[in-house]
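This structure is in structure tokens; I'll ask about it shortly.
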Amino acid sequence: MTPALLEVNNLSIGYRTAGGIAMAVDDVSFRVDRGGSLGLVGESGCGKTTIGMALMGLLAPNATIVSGQARFEGEDLIAVSGERMRQIRWRRISMIFQAAMNALNPVHRVQDQISEAIITHEPDLSGHAVAHRTRSLFDLVKIPESRLQDYPHQFSGGMRQRVIIAMALACNPSLIIADEPTTALDVIVQNQILSAIGTFQKEMNLGMIFISHDLAVVADVCTHIGVMYAGRMVEYGSRQEVLDCPGHPYTRMLVGSLLTLSDQPADLSGIFVTNGENGAAATGGCPLNLICPDATVVCRREQAGWVDLTGTHRVRCPYAGKGR
Amino acid sequence: MTDANLPSPKTGTTPGMAAGRALPHWVDRFLGGWRVYRKNTIGRIGMALLVLFALMATTSFIPQWVDPMYHPMTGVDPQISYSTGPSLRHWLGTDFIGRDIFSQLLAGARIAFMVGISSALISILFGTTIGMVAGYAGKHTDLILMRLADMIMVMPTLLVVLLLSALFGQLNIWIIVLMIALFRWPGVARVIRSQTLSLRHRPFIEAARVAGASHLRIIFRHILPNVMPLALLYMTFRVTSAIIIEAALAFLGFGDPGTVSWGMMLQWVWKTGHMFQAPYWMLPPGICISLITMAFYMTGRAMDDVLDPRLREEETTP
Amino acid sequence: MGLKRFVLRRLVEIAVIFFVIMTVLFVLFRLAPGDPVSRMVDPSMTPEDARLLMESMGLDQPLWTQYLYYLKNVATGNMGVSFHYGEPVIDILMNRLPNTVLLFTTSILLSALLGVFLGKIAAWKRGQRTDTLLTIGALFCHTLFLPWLALIMIWFFAYRVGWFPITGMVSPDVWIDPGAGWLAKALDVLHHMALPLMTLILIHFGSYLLVMRSSMLDTLKDDYIITARAKGLEEKTIRDHHAAPNAALPVVTSVGLSLAFSINGGALTETVFTWPGIGRELVFSVSHSDYPLAQAAFLIIAIVVLVANLVVDVLYAYLDPRIRY
Amino acid sequence: MDGRNCWRRGVLLLLTAVMLTACHEKNTHHVLNIGLAEEPRTLNVWLASDANSRKVLSLIYQPLYVYDPDTLDLVPWLAESMPVYDAQTLSYSVTLREARWSDDTPFTSRDVAFTGSLIQSFKVPRYASDWDFIKRIETPDSRTVRFYLKQPMAAFLTGTLSTPIVQEKEWADFAEKAQTTEKPLTALVNHRMQHPVGTGPFTLEQWRRGAFLHLKRNPHFFGIGKTIGGRTLGPFVDDLVYTVFGTSDVAILALIKGDIDMLWWPIQPGYMADLSRRKEIRLFTNEKSALYFMGFNLRRPPFNDMALRRAVAYMIDKKFIVSRILQGQGTKMFSVVPEENRFWCCTDLPRYGDGMSRENRLKAAYQVLVDAGYSWAVPPVDAAGNLQAAREIRLPGGQPMKRFTILTPPADYDPHRATSGLMIQEWLRELGMPAYARPMAFSSMLEQIKGHHDFDAFILGYGHLGLDPDYVRNLFHSANDKSRGWNMSGYRNSAFDEMADRSISEMDPVKRQALVMEMQKLIARDLPYIPLYKPSVVEAVRRDRFEGWVEMLEGIGNIWSMCQVKPVSSDGA
């Protein structure tokens, strides 16, 4: 097996609060290969964005990495110095932000915002070369060059997302973390953006972590899927494996809702009632035990370990693969 | 009223609870606010200073009661005919004809509170009423009132009062207070107006309207309690500016010559040529003016923190 | 372009406001106790000269006609003759206006810059000792009593240490020296301006610092700051290039709102430092009952404030690309 | 980053430059730096009624005669000798000195005649009254002027001959033009003078409004090297620079620092202690021809009663006012004519309460009031002759006295008068009188007193009384009891009027003196005004810069000083 582009092992992240450390991400492991893409799915607050931020070294000041490592091209992202991390950012790992966010600075022209990233990481590049690169990036995401001089508020939502993508590609990174890039866009634009992302990822042979709450979207673009719930990864496998034979009850619920999407709205009310936000560790038992139809006394008492269904497909449920 | 049955908005403060049970709710809210306030360092310093000045103001009657020579305006020490430094007999020394500076300073605190608070009260009264009316009525009323506010807001109050004193001669201290108030309401009105605008379409207001409450009743029963804390906050800032304007006016020589305010004291120092020779006379009033404005300002800022739920959250959540 | 229309609209608004102020002044001058004529005519004039002057100003006409005369006179810059100087007030004030504008704009500009700069640092170091010191320092400076501070500044910097001249705007020995070039003269004015400027900045920067600090704290939570970080930009670049420009916008607004406050302070400063400006002239005219001068000085100050407000608005539009009028 | 550094360097450079100008070298020729309290009002001599303009113009425009600093007698100035009186034709002849204007044209008798006719034809305020009794002016030759008077007039010598003379060449064209305008006088006084041409020791070099005014030595000054009045004239300084300081505090700092050499305005007693301790400062204390007084409204109760005014006079402790409020910088006054005016001042006047203790004053005042029929709820003196707190004084008619106010200027305008008002209020309350001192803006106060006659009592002062006692007539003549008239009290006494009318046309000084003395006695008896005090003029100069100041009534700021001060010759020592 070729060495993974990114390999995350037993990553745990907590937030310092008045009452101790609240775990937001608990013992998460996954890998992303060059040219491969991992979709992290889960409801909001399940810790998926925290993982993305941790990989970029952009955790909030009160967040702390409790344990784990993230090997990226031979370096442990968790352990590198702040300055080294700054150099890695964008140059090698870049990020596509949510369009609904104010990811672009309103007072600077988009051209400047893109070229700024290039200049920071490739200071030797001539001004001409930078301008040329910026123009070609705009070409790539199919925005007329004439709009380089515009300000973010002059773009529509979809266009802004394209700008963000162009920005993410500016320094030819090897890994892209896309955090809900299509949320809050209407369906048609969403599809365009998704296909654009998919294309670049494949053409440029990039590794990608795609974070979304929408399994359908993830299913569209990713080669691997990790399902997260309450700070833990509950199922991890290739797209096929996860979608076709979901092992975890939660995944099954997600997949179930996905399938009914075309016919009629699924009754999601049962699924999305959660008890403890990120506080998985606090309850002691399986965080899903209250809503899981198959929960037993054991589930209430202790955490489940990994159950390997296949070599690449793992589920964190003692009853996985054993039928209902 | 059906307010209580409506789902309450997300924030901790529940608008519309005023009707019927206004008092306990108020007390509750106040105590809650106080608990947050107490943790604020700046607020604590401000409050302590204010208590100190209040103490000065209340004790200002004592010296002249001890001995008429301590009367801040008319009492002179029979043995002293020029400005002297601090001594046991005169804790801060005497002014150029032998009046006691310390008792003048105490009297000044009284005037400062009087000027500051009464002028702030009046401007808040104007500002809140006009702001609520403008916000609630909307349309032309709003437009006209806000244009008026804009216009008054750009006027430099001190210079306006100066001009008026040129025209009308000597101004009485209460006229000065009124003038300051008349030119300081627009800021309050704008804030209250925007607050009212955001309240206007809240369910409990709509409900009251549907229930047939008159406009006046809606404004004073339902909107007023909700803008009250904000108005109070602005009052502390208005107190500051009123004190400063009165002091500046007195310093320039257009104050009420019958009152012993700190500005007046500074003016006496200045005009009798003791500015750079009698630090014991020149420093205290200036320090007092600066400190009392700072105290009100700090109190205001701390109150601002208390009233701003965003900042409050920041303190309690990770 | 939209900006042009915006400026035009604001100019019309300014004209209307100015008109209202003029009218209010007119009414006030006639409401004031005593003889309105005595406010317009020098008391030392002979009766027939006073009568002629009254006629020329229309003071013998009915109120309505007087009002029209008044408007016409103000519009043509004929605001009467100063009792004290015996010269048209407009000449006197136009002579003083540049001095006021110089001190006023420099002080506002510099205090806003200083406020923005320090506010930025305070917000960046939120909760640390630097922040606490800056915030409390700003609060303290902001609430100092200006004329008092000014006198202490004079005492300390001009007298004790002797770095700056005591008061005034120029030192005669430089200006009567035929050998002194324009540079020496300009430096001389700067040298005189330093102390009043320092005083004004000390009083005013605090409020800008506080505004900048809280606005910067808000901005730092914005998403584009995360973007900037993700881009691997240096912290200083993020602070100065991404957070500060956005955070500074509310400061511009607050400059506009505090203009009136600044001009109050300007008048006090001019008076204490004997800076030959309009504010000092207003204070002077009030204490000398020079009504035409007081009225005109006030009107000109009103224009200065209104125009400065417009400038601030246009500046805001220029700085914030989202706003296009 | 480079741009920023560059910017920083620029600021640094600028700051250094600013610092460097602080150490600017002084000029080699002698500049006398004078501090003024206020900007001079104008350079138009006909408008210049304020002290600050006169401080400049008195060095440019010169009169025919000036006062000797020691004797206060007239000394020929532009004139060569004393005027020759011809009683038959009622005329005075004046021979002029050989002099030149600052534009190097000769000064002739035509200039004098022109000045007179200009004042007469325009009715220039302040001067017209000194010239309207002159029938005609003849100029037999260029050095002789002959004035023909309509009637004998005492003011001729003191007033007419002290009028500053202007140049015909400079004013003739403008005067002619002004005559054709609708309001000639306004046109004349509002004429903006750029470069006044005079005969004085200095000429205007430049005036930067709001900053400074620069006078240069006039090379054509007639007095250079001459000895007039026993004094050898200079001027010995090359330049005079007047700088305006808003307040005396900073002006005195500037003096101590050495920025200015002389402060041309009286300083407050508060500074004296500090200044007298400094070696480099020299203080001059001089008398002033002034009158500070308490005035009453004789047109209405309660002060229409002479007895009450006299009681008030007993209660006022002038010694307290002078020693406490003026800090000793002044003298008590008992006549409306200052004592320094030896010839005219009457010393044989009642000095109410002078030298008495508080107790005796109270008893004396009480006695005056009891005799006049006043009564009290609780009298200030009990049956046994002991003092007690008086309450509620009643007028002779039995009705209680209504509260009355004593108007004073505000403390910033004049702290002495404001404080005196407060003290007098306290003293009168000892008599049970409902007195209230009320400081009031100066102009409003004048309006109320002069314009509306709506007041009870007030404290005012005349800072610069002329040497001629004609003001005694002006202040109390019943003809002046009108709105905005001089007679603010409303004093009406036909005996006084008659004497006053006679005094003005009496040309024999001794006879006139007797009349004026008699008038003063009437005033001291009836007390429409109670003279209070006269402040001294304290001035400060730097000892190490110039010497030779000439002390005079009103202080050292006079033409004699400016013609005589010399730089201290410390350069060699």
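So that you can tell them apart, the chains are marked A, B, C and D in the order they are listed, and the count of residues begins at 1 in each.
The rule is simple: a residue touches a chain if its C-beta (ideal position, glycine included) is under 8 Å from a C-beta of that chain, and two chains touch if they have at least 3 such contacts.
The model shown is predicted, which means the values in this text are computed figures rather than measured ones.
Participant: Most central chain by CA mean?
Facilitator: Central by C-alpha mean position: chain C.
Participant: Please work out which of B-C and A-C is bridged by more C-beta pairs in contact, and write that pair.
Facilitator: Of the two interfaces, B-C and A-C, more C-beta pairs touch across B-C.
Participant: Quick check: how many Å separate the C-alpha centres of subunit B and subunit C?
Facilitator: 25
Participant: Can you check how far apart subunit A and subunit C are, centre to centre, with Cα atoms defining each centre and the answer in Å?
Facilitator: 54
Participant: Report, in whole Å, the distance between the mean C-alpha point of subunit C and the mean C-alpha point of subunit D.
Facilitator: The answer is 38 Å.
Participant: Using mean C-alpha positions as chain centres, tell me how far subunit A is from subunit D in Å, no decimals.
Facilitator: About 90 Å, centre to centre.
Participant: Going by the touch rule set out above, which residues of subunit C reach two or more other chains?
Facilitator: 151, 155, 159, 271, 289
Participant: Of all residues in subunit B, which are in touch with two or more distinct other chains?
Facilitator: 165, 169, 253-254, 270, 275-276, in rising order.
Participant: Can you list the subunit C residues touching subunit B in their complex?
Facilitator: 17, 20-21, 28-29, 32-33, 39, 135-136, 139-140, 142-149, 151-152, 155, 159, 257, 259-261, 263-264, 267-268, 271, 279, 282-283, 285-287, 289, 291, 294-295, 298, 301-302, 305-306, 309
Participant: Quick check: in the complex, which residue numbers of subunit B touch subunit D?
Facilitator: It is residues 73-74, 76, 81-83, 96-98, 165, 169-170, 253-254, 257-258, 264, 267-268, 270-278 of subunit B that touch subunit D.
Participant: Tell me, which parts of subunit A touch subunit C in their complex?
Facilitator: Contacts found on subunit A: 56, 58, 86-91, 94-95, 97, 101-108, 116-117, 120-121, 151, 153, 167.
Participant: Sort out for me which residues of subunit C touch subunit D in the complex.
Facilitator: 34-35, 38, 43-46, 48-49, 52-53, 56, 81, 84-87, 92, 95-96, 99, 151, 154-155, 158-159, 162-177, 184, 187-188, 190-191, 194, 271-274, 276-277, 280, 284, 289
Participant: Where on subunit C does subunit A make contact in their complex?
Facilitator: 222-224, 226-234, 237, 241-242, 245-246, 249, 319-322
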